[in-house]
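Take a look at these structures.
Paired with chain B in one complex and with chain C in the other, chain A is shared by the two complexes that follow.
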Partner chain A sequence: MGLFESSEKFEEVLGGFFRLVADTPSVADKLLASKLIIRFTYKDPDVVLLIDCSGDKLDIRPGDTETKADVEMSMSADIAHKFWFGKVNLMAALTRRQMVAKGPIPKILKLLPAIKPTYAMYPKYLDENGYGQYNIY
Partner chain B sequence: MLPEFFEFYNSTRVVYGSGIASDFKAELDFLGIGKYFIVSDRIISDLGLTKKVVDGLTSAGIEVTGEFLDVPQDSEVNTVNACADQAKTSGAEGLVAIGGGSVIDTAKAANILISEGGDLVEDYSGAHTLTRPLKPLVVIPTTAGTGSEVTQVAVVYDKDNKVKMPFTDKFLLPSLAVLDPEMTLSLPPKLTASTAMDALTHAVEAYVDLQWSPFSDTFAIGTVELIFKNIVQATKNGEDLEARGSLLIASNMAGIAFSHSMVGCVHGMAHAVGGIFRVPHGVANAILLPYGMEYNFEEVKDKLAKLAPIMGEEVSGLSADDAARKAIEAVRKLNGTLNEMGALPLRLREVGVSEDGLPEIAEATVMDGTSFYNPREVVAEEILAHLKNAY
Partner chain C sequence: MQFEWLCRKNTLHRFDLQHYPSEASGSRFRQKVYRRSRLWHQDLPDLIKDKPEFDALSADNPFVLMTGPLTGMRINAVARWTVGSKSPLTGLWGESNIGGYFGAELKFAGYDGIVITGKADKPTYIYIEDDTVELKDSHKYWGEDVYTVNDEIISDHKGESKRHGQVLTIGPAGENLVRFASIASNKGHVAGRTGMGAVWGAKKLKAIFVRGTGKLEVAHPDRLDKLRAELKELYDGNITIEGLRAFGTASHMDVGIISGDIPMKNWQQTDWEKFDEIGPIAYGEKILTGNRTCYACGVMCKRQAEVKEGPFKFDKGPGPEYETIAAFGTMCLNSSLESIGKANDICNRYGIDTITCGSTIAFAIECFENGLINEKDTDGLNLTWGNSEAIVAIAEKIGKREGFGLILSEGSARAAEHIGGNASDFLTTVKGLEAPMHDPRSAPGYGLAYAVTPRGACHTASPIYPIEGGGMYLPEIPELADEITGMSSEGKAKLNIACQDFGMFFSNCAVFCNLGAMILNATQAVDMVNHVTGFDYTIKELMHLGRRIWYLKRGLSNLFGARANNERLPARLLTPMETGPTQGSVPDMDLMLKEFYQLRGFNDDGVPKREVLEELGLSELASLLYQG
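Our next item is the complex of A and B:
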């Protein structure tokens, strides 16, 4: 049993955070520059979130399994949660198959410096939006 | 201080011996299959190297079900598909790759399709997308540079999307690497020098990269020593099997090192120089290695200082700064010696790079996937300054 009790709750928490990132120009502009479409497929609980960086604005689309993505990332919801605290070494997670990434990995790696500021945003976001019980790292 | 996390994994059996490329049935017996398909290229075939291996296999009772010799200089998806189709139709149970990096990467990628089916780019590009072992793959390198016979990586050009697709997976590690210095005897001096400098760059970058581990360090240091002791002799006298063999082993060890800790900004610059101005990879790495070491100097000077004596420099009584500079000097001296032998250019302007193209190279270096592993943040303006020095 994972940390999140339901798909709805995890989608609400992480989807909300992704929308916050989309509204943060210092991060969003760098993601938009990549033009990537990235689909995150989470397990336990099952959630799909698509981040579309190909337009003028970051578009977060929950449940989008149809759009052709440049990169497909699969992982457990718990690993994803921990990642946004900055507590997951991406290369280690890939090596240990805690995450599986399909597509041009170097382009994903290049985004890591851009998303670094979000690691501090995540716990703050959890506390400020009534998700304090998940602020565990 | 130890890294927070590292993994060391290498399932490839490595055998070395002069002439062993035509006599390795004992090693094949362990793989438990009897039908192999050959992957190579026309140049290797014309040199008689493919025949040497095939004759050895058939005289040992191994069935060779066919040959694919149309591997281009840079492997691409259509080549891999064609290779996989032919191998599958032939009824092969395993592959034998004879060649350099492009041949080996083609065979690795084709083995995915032969073993699992599906679409190469859609289904398997990326990191650790495979879930079970592939069919046996035997690799016989004919250059001493890429080390691809022991890496978890294959790079295949995707023409449709105009992008080099990396595949990283434990299951891409070949089953067997057969290192036979006789297979590298036909390498001309220029290729001998540049491929070995490629291996040296793998080792130095693996040694200083962020993803280093005590394991990769050990293989990197061993590589540096072997290359410094043998590159000039192998370039001067291509018939020297001892020197040839040492470079082949060095390339292999460097492959093990960088397959774990990756490479950095020297490769980033070399990829850009190769992509924009078609400069051969080994030549670009050789020219740029001392400049990349300078770029990273402050972050890695302690490690560079440790390399200096292995490169043959006297460092007793020197500060870490001065010893580290000796390591950079040692690479420059080696490049200079190879240049005097007519085997290696020293400047980017000598290999067709235009000065006004340097900013584009710098930008592309920043965007290269290797910059993630570099010990110092890869910044375009800073890289440009070093590229100007290398020009």
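Our next item is the complex of A and C:
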């Protein structure tokens, strides 16, 4: 049993955070520059979130398994949650296949500097939106 | 097959040369894997027994160059080889690991390695072409920079053979006895650490030219082909490899910034608003001109760079690696990637280790900023954070041992003694060697590695960096299969020991590349060696062999005077950050050292106990350490 009790709750929490990122120009503009469509497939609980950076605005689409994505990322919900705190050893997670990334690797790596500011945003977002029980750090 | 090696002595210049013909198959591997350090204490016994206190810059200091059983094979990430000698920088066991094409060419010429003792009376270079080995006059190359010598020697021997050969050389820094001078091959492949170039300079050895026409044999070609096919699938699409292919070692900039691994402002920061100006994307936009690689390696992590105009103009050539970008960039708060490229070009041409050079400059900047030195001391240079022009200028002065560069050319530890006051507070050295660009506050196991590694602060002597950093996973070795415990110091002594034992086999003897071979597991690495050599080693046997080698190196540094009180991290690396990814984290050195000493069987002085060495079959080393 992971930290999140249901798919609905995890989608609500992480989907809400992705929408916050979409509304934060300093981060969103860099993601939009990548033009990538990224699908996150989470397990335990199972959730799919697609981030579409191909348009003028970041589009967050929960449950979208149909759109052809440039990048497919899969991991457990708990690893994903920990990642957004900046507390995952990214290289170890990828090497030990706790995270699996498929797609154009150079383009994926270019996203890392863009998302770095979000690590500070995540715990604040949890506290300010009634998800304090998930703020584990 | 009987183990044998030929020894020819050429006393033309009181300069003794021994060269080691390769075996046709790998049947000498059992000896070879620990030959470099073994040579020191067995094949050169008089030297070590009678006068271990000899000066690293004297004729007494032997120099050993040794390839591994995989060097020269057409396989990814095995082009590397190693050099070893007493270090002019630290006074302890010194060694460096290098890639490129020279090692393969040496094998094609029929040699596994070269041992150089004595000192030439005049500038000399060694000429090797298959069975021909000669000492030649190198007056015309003396004083020339690395790039020029490389091109000139190849040009001078052009037409003698269809192959153009490979050159290993020092630059003016080595000739001038800069204590962190490097040895370079093919311009951008560098044995940088611990000042091996100054050992050559002291011997008046300018270069080695090698050209070989032989072919290497493989004991089990079918098995090796099968493994190659398996590894092709592993390499294709692997995120670490693709990152190296796309951005070179600079790819670590974007990963390391997340974990707080990258030292900034002489280890006082882990973040910086100008960081992206010298990141891998900026590299591609500002100075990148192409890729390079080592012999038969498809990873292609090396970069070519150029700055076409302006104060930092340099011709197309080898571009800066991650360590260099951090040393001359983040460490000095220098956001000019062009100037970092220029500093790299200067270091390459003069033949200087970029880690020690950049770190020593960052140290000097802090001394300047704190009023310990001023423009009168620095030949008028305004040595402040981020002053790109001054950073480049002082790098060149170091290469020339000119003005203030003369002080810094001794390394930061000696410079601190010269400057005085509280200059030593700004040092980042362990045993006299400047720490590499990986912060133990982000991974405390690095801190222990820096403290106990025989050559001083080092992230490559064992795979602790890729293991704790996460890029390497060896599930077959129980100590290395556990979850990485983040910033906790618990269990890191055990982790380090397993890394050291495996690492002595992996990147010191085999010799795998710590980067390009990072994605192999232990079984694949051992299988490769077995298929090439014909042996049937197990992981356990090679770990045991690695352990013996580690104790040998440790014992050599002990013989040269290293003791427990040298195994402390500088205060700068133990000061917790107030913000950022490593906030509040410092390695618990007391805990880790206590566990490490216990597990390794050291006495309180940091010397392996006699019975531990004897149990490992190192009685001769024990006798040397405990004589009298």
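We adopt the following convention: the second predicted complex is superposed on the first by the 137 of 137 C-alpha atoms of A that agree within 3 Å, B and C clash if a C-alpha of one lies under 4 Å from a C-alpha of the other, contacts with A are read in each partner's own complex, and residues count from 1 in each chain.
Just so it is clear, contacts are C-beta pairs under 8 Å (C-beta built on N, C-alpha and C of every residue); 3 or more make two chains touch, one makes a residue touch a chain.
Note that this is a predicted model, so its numbers are computed, not measured.
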Which superposed partner A:N89 touches (first chain B, second chain C, both, neither): both
First (chain B), second (chain C), both or neither touched by A:K116: second
Contacts of A:A101 with chain B and chain C, given as first, second, both or neither: both
Interface residues of chain A shared between complexes with chain B and chain C: 89, 91-92, 94-96, 101-102, 105-106, 109-110, 112-113
Residue numbers on chain A that touch chain C, as the complex places them: 86-87, 89-96, 101-102, 105-106, 108-110, 112-113, 116, 119
List of chain C residues in touch with chain A within their complex: 237, 239-240, 242-243, 246-247, 251, 254-255, 257-259, 276, 279-281, 469-473, 484, 486, 519, 581
Contacting residues of chain A [partner chain B, same complex]: 71-72, 89, 91-92, 94-97, 100-107, 109-110, 112-113
Interfacial residue positions of chain B with respect to chain A in the complex: 4-5, 7, 123-129, 163, 165-166, 168, 211, 367-372, 377
